[in-house]
Amino acid sequence: MLVEYSSLITLIALTAILAFSFYAVLIAGQLSLAQLGLASLAAFTSSLVVPDEPLFGFIPPLAVGIVFGMCVGILAAFILGLPVIRLRGVFLAIATLAFGEMVRIFLINQTWTNGAQGLGFPKLVGIEVAWIALIVVAYWFWRLSGSRMGRAFAAIREDELAATTMGINVARYRMASFVIAGAVAGLYGVLLAYFSRFADPNEFSFTAAVDGLVTAVVGGVTLFVGPLLGSVFLSVLPELQRLLGINAGWIRPTISGVLLLVVILFLPGGLSGLIPRRKSAKRLVANPALRPDLPALPAPGTELVSLQGIGKSYGGVHAVRSVDLSVQAGEVLGLIGPNGAGKTTLVNMVTGLTPPSTGTGVVLGAALTAGTKAHRLAQSGVARTFQQIKLFNRLSALENVLVGGYRITHDTLLRRLLFLPSARRFEREAVAMASAQLIRVGLGDKAANAAGDLSYGDQRRLEIARALASHPSLLVLDEPAAGMNHVEAGRLSELIRSLAADGIAVLVIEHNVRMMLATCDRIMVLNFGEVIASGKPADIARDPKVLEAYLGSAGNDADVEAASVLAAENLAEVAVELAREHEQGPDAVIGDDAEPNGAAEPEDKR
Amino acid sequence: MSDPILSVEGLQVNYGRVEAVRNVSFEVATGALVTLVGANGAGKTSILNAVSGLIRPRHGVIKFKGQDITKWPAHRLVKAGLVQVPEGREILGTLTVAENLSLGGWHRGSTLNANVARVYDRFPVLFERRRLHAGALSGGEQQMLSIARALIAEPEILLLDEPSMGLAPKIVDEVFSVIEEIRSTGTTVVLVEQNARRALAAADFGYVLETGEITHSGPAHELLADEKVIEAYLGLD
Amino acid sequence: MQLFLDGIFLGSIYALFAIGFTLVFGILDRLNLAHASVFTAGALVGIEVVSRFGISIWLAIPLVLVLGALLGVLIERIAFRPLAGRHDAHFAGLISSIAFGAIILSLLQALFGADTRRFPADAFPQARFEILGATVSLLQVIILVISVSLMVVLTWLVAKSKLGRGMRTIAENPHAAAVLGLNVGRISSTTFAISSALGAVAGVLFTLNVNAAQLGIGHAVELKALAVIVVGGMGSLPGALVGGLILGLSEVLAVNYIGSSWRDMVAFGLLFLILILRPQGLFGARKTREV
Amino acid sequence: MRKKLFSAAVCGSALLLAITGCSTTSGNGTKDDGATGSGTGADCVIKSAVPISAAFSLTGAAAQYGASQKNALELAVEDLNKVGGVTYELTVEDDATDPKQAIQVFDTLIASGAAVIIGPTLSNTAKQTNPIAQDAKVPVLGVSNTAAGITEIGDYIFRDSLTEDAVIPQTIKAAVETLDVKKVVVMYSNDDAFTESGYQAFAAALKDEGVDIADTLTFSKADTDFRALLNKAKKSDADAIVVSGLIDAAVPLVTQAREIGIDTPIIGGNGFNSPALIKGAGKAAEGVIVGAAWNSASDNEQNVKFIEDYTAKFDAAPDQFSAQAYAGLQIIDHAVRAECSAEREAIKAGLGDITDVPTVLGDVSLNENRDAVHDALVQVVKDGKFAILE
């Protein structure tokens, strides 16, 4: 019985390995069709080095082939990656497709590959080798999926820009996924050649690449068993039809096509979507004892951001011109101004997303230049939220925050591969820190919900929690109160004050003037890219230029004036109150179980 | 008040197993400005989307001008005069301002040009920028474009979802004055707003939503004075 | 001169396929891999009606056009519409269109067998003439003219017509399109119908030109057409034409000056280089990212 | 949790195997009673039907060849079963033009007790499947594999298809003699094993005959537009164009050559030997010289009947693929009757002794390398028909 299906079972394993090679890039949100080209490079070049006899008398020839093939895959993927890694989506797919075809044509035109006549290989791979290889590969991806590296891939897949601002070096991780995929592709090429005893370059064509992609997608990329499921489904289908006595010929591909269509239309997330998953990969860990000690934040008053004459122009349009800005640890600096005044451009410069055109600046010790990388700044302690919410929508709320903790958590992949106890400990620490942030913003009960399913206001809060998870020295909030009503905005204001009290410097853009007046230590007003006013909230609220440009003096001068006076008075009260709280130490903000951010000193509770 | 132009009865909206809206019923009188206020996730946007045919309700009956429109697709409703200005503006950034406006008049072939001219009159800034890509406009201008685009569809009832979100106070003033103006021309307006104080001040009638259910309703000025409403949504002064 | 014309004609064939393809791919942003099967279906059905029923080619072409449009509607309804709103719509659409294409192909095999088929020798006037010392057939000129005029007509359609505006709106933001009262389903169907109708007719013209059609012809051109679309710039119809011509020319030049074994290497190498140097393609606009 | 999942997956696949295992047939055919009969040759009587299996490409890129092979085998079984004494039971499986699929098909066929396997359609597939049969000691008869190295796989592998080496030298010799060819352009598709080995045979033969090769042009088996290549070939002013290509390429290539004004003779290999050439290329095919293992115009009695029967049954003229498949079963029949046994070893031995067996291809022998030996023909298209080149 086994004999009859030994090839089928072996091929299931091999096809699954190929699908894993696609899986490796898909989990990082990339589509590469070069896998078959890499596989054929590995297969054919391995024929040049694999010895007939065990090497040094004990290394089996296949081991030489596998190691060599994987190295070829890695090397070729790396060299290919250098130019193409910056391409995205379909452009990457087409460029890699072109590469795959170029490899095929190259190999066909070589004499050592015997061209289209193909090359014979000794039979070294059987059912055992194939499945052992598959299990090793699957094990790797299983351990990868819960590691920090796995989370970084998921974050890149969901939103590259947001991932960058978490401190993730997107280019390096994309290359890593590319290279891992190359290694797996090389493994596949060698195994296939030494299983089927023959290979010609045409077997590694575009069609084969599409087959591999179909296998990976049908299986699903949300779970590491996806490629195996896809491979079983697609490999067994023809066999099953044969057993059912369906005549060979056009009927079989028709049925296969219909079934494939049904699977893809009715099973979002592929076959692995059928496997029930736990509500969330991780549960909230609310025990503060599990949280590790974090390095202290800069002392209050330390200058963290210092910009002189910074400006940005887009093809002659000055979005920001010659702005001086200084932010100190422990203060809340507000940035207000009409829509389109350049506020977001300014904070993009501060967070390294946009290089300044003119001026100089230092953020957390790093100079802002054209070469400043956002992930570098994030690594040194800058965190931010976005005006257009950029969450990792398909990840749970907790997972989002876990990615946010990238900067202060350990990479656990190697430890996880070896099942070291420290892997577990590090993971628990990371979850504990993330949980604390989630609870702090009031989303403790929604930890397992997918970020994309949260309401608008909750998404805003989650973004803040994610930013806080990196234990930042400087937090940049871009319209955090948008979509919140007055009561919610009030709570947000309290949260921001408590962050400042912890020693974080907060730079906030917001149109909710009442909230800004109540929250900020200083406010800067931008209009047409220039600072038109700067100073204490009470002064800003009375500044005629600000009234004119921003608060609106057009129709109801009296009303606005009254409102701003009222706001200023409010502020005075709030300020007094806050000053009092400052002296008392940081304050628990939301809910009874909320904890301040990584506070080292014991805290007073109300 | 005259007959309701819009009536919603027993509306329930589900996302998967989550009940976003539970047994919500309300009426909008012809020519009135009605506002739905409530916290985040209370289901305001879900109600609007169900009314404009963008999502299918689980239960409930929606009537527009006496006709049952519960199962009508969005495009049919727009043609019939029920138009939404969506949350987040949803302008088409790669299309020009003029193209965005003409999309508003998808079902208004004959009157399109006249409508566009009228809108340009009302919003001269859009006329100035008619050849620019809409993505190049500032946030306030985009919101005006979004409203103007809806007006070109000749709405009998206009559903506005968070029109003041992310806008400078001065622009918010302008948005509200535009809403007043629209209403003064006889168009019925349903307004969903986070800025509950502002919305209630402008509205005739208000409904307060909490986790998918209507908890308070009444003439807007009464709600503005209601202690509970103040505490939950308006904040203390 | 012959070289140049050969390249142009070869390229116009690629362009013919690519223009229909890019309507859906570049403008609706959906990669419809069943397009190759529609191309094959157009060719085989065209042959069938001409050779079996003795219908003139001029009548057969409109018939094939209608068939293509119907297939397009089916593809949209079955393989794409159910995916609307799913976060993996891109990938899923890729796979579902592959599956749908495979079904079309196996049904074609059931209907017409797997043999290579062709139009009767007299199906199309065999006129040939000389231009500047180069031999040119009437059909080649017609194909070039059709490609260019299709490009012009479709460019106008997409840029100026109401339908085109609808298409672009749906591509950019289907939700906004629905809010604005656009019948998203119908516009998508129409786009697929136009695209597939063009694909089917392209199949007929292609077959007339090379005098052979079998189940695999679609796939042979598909890969090149993908290259053409990307070289020309996603969603750019002039780009599809120019991209096709560039590919055609480069292949012909490669055959003559580098060696025919390396012809496809040159084509794909060129594609690769263009992507590296100018990822948005020759006529594509770089998308700006927003924060 | 994860562990559970994994074990579930393992259990699932085990279950699948169990199901499939249960439903397979009784297993090794060689142990069946009644596989060996009494008598020899025409008198041989074997009680149970002889299980013959074939693996052809019924779908996918090579489907058009597989389809005519399948037709011919069905016809052959019908004809041979009428003779009496020995009956054949034919199973045709589809390898979908995919070597991986073919490997699985071979496994299944071997396990289900095939006495002999015919196929697969393509040479490169054969290189992956035939070792499996060799290991399992199941005889294989290739009926369309022409590439080098097929029968070298082992002593259970035979073929009745002439290699290009056996056909092409004759073709070139005849062409040189009759047409006085001195300089040629060679064209071939370099991504196909069959056509590339054809090219190598052409190149060797041309060298032997002292013919100049002015230019060598390659194309892809998927190509259909050859104008660029042909225009280049035209420039070199050769006496003839020699093409090694499949029938897919033959028709467009020949018609396009005539279209752009190439009037020189075109010489093709086995791939051109198909009625489709004449049907498809029409007038343009006139004068094309084709070396072939089979000629439809041959007046061999068996052949005439085969063509009639095939045309009547399938409403299409047979091509070389079908003729070779038909002849394949004739050869197997001979081998079975020789030892009067349906056992694999007996059939293997019988195939080893095939000498001058009359078939639709003419009198066929299998040599010590288990390759076919029979007369090849050089044909020329004349008045819409293949005729022997004289």
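Each chain carries a letter (A, B, C and D) given by its place in the written order, and its residues are counted from 1.
The rule is short, and it goes like this: a contact is a pair of C-beta atoms (placed from the backbone, for glycine too) under 8 Å apart; a residue touches a chain by one contact, two chains touch by 3 or more.
What you see is a predicted model; the values in this text were computed from it and never measured.
**Student:** Write down the chain pair with more C-beta contact pairs when B-C is set against A-D.
**Tutor:** A-D
**Student:** Distance from the CA centroid of chain B to that of chain C, rounded to the nearest Å?
**Tutor:** Chain centroid spacing, chain B to chain C, equals 42 Å.
**Student:** For chain A and chain D, let me know how many angstrom lie between their CA-based centres, rounded off.
**Tutor:** A distance of 54 Å separates the two centres.
**Student:** Let me have the rounded angstrom distance from the C-alpha centre of chain B over to the C-alpha centre of chain D, please.
**Tutor:** 72
**Student:** Just give me the whole-number Å value for how far the CA centre of chain C lies from that of chain D.
**Tutor:** Result: the chain centres lie 35 Å from each other.
**Student:** For chain A, write out the residues touching at least two other chains, lowest number first.
**Tutor:** In chain A, the residues touching two or more other chains are 108-109, 249-250, 252-253, 387.
**Student:** On chain C, where are the residues touching two or more other chains?
**Tutor:** 106, 109, 219, 261, 264, 290
**Student:** Can you list every touching chain pair?
**Tutor:** Touching chain pairs, listed by label, come out as A-B, A-C, A-D, B-C, C-D.
**Student:** Using the touch definition up top, name the residues of chain A that touch chain B in the complex.
**Tutor:** On the chain A side, the touching residues are 336-340, 387, 453-458, 479, 482-490, 511, 513, 549-552, 554-556, 560, 566, 570.
**Student:** Touching chain C in the complex: which residues of chain B?
**Tutor:** Touch list, chain B to chain C: 52, 54, 73-75, 77-79, 83-84, 86, 90-95, 99, 102-104, 106-107, 135, 149, 153.
**Student:** For the complex, give me every residue of chain A touching chain C.
**Tutor:** 31, 83-84, 86-87, 90-91, 94-95, 97-99, 101-102, 105-106, 108-109, 161, 206-207, 210, 213-214, 217-218, 249-254, 256-258, 260-261, 264-265, 268-269, 344, 348, 353, 386-388, 393-394, 452
**Student:** Could you pull out which chain C residues touch chain D in their complex?
**Tutor:** Per the stated touch rule, the residues are 2-3, 6-7, 9-10, 13, 106, 109, 113-116, 118, 121, 126, 128, 135, 137, 206, 209-212, 214-217, 219-220, 251-252, 255-256, 259-261, 263-264.
**Student:** Show me the residue ranges of chain C that touch chain B in the complex, using the header's touch definition.
**Tutor:** 162, 165-166, 168-169, 172-173, 175-184, 288, 290
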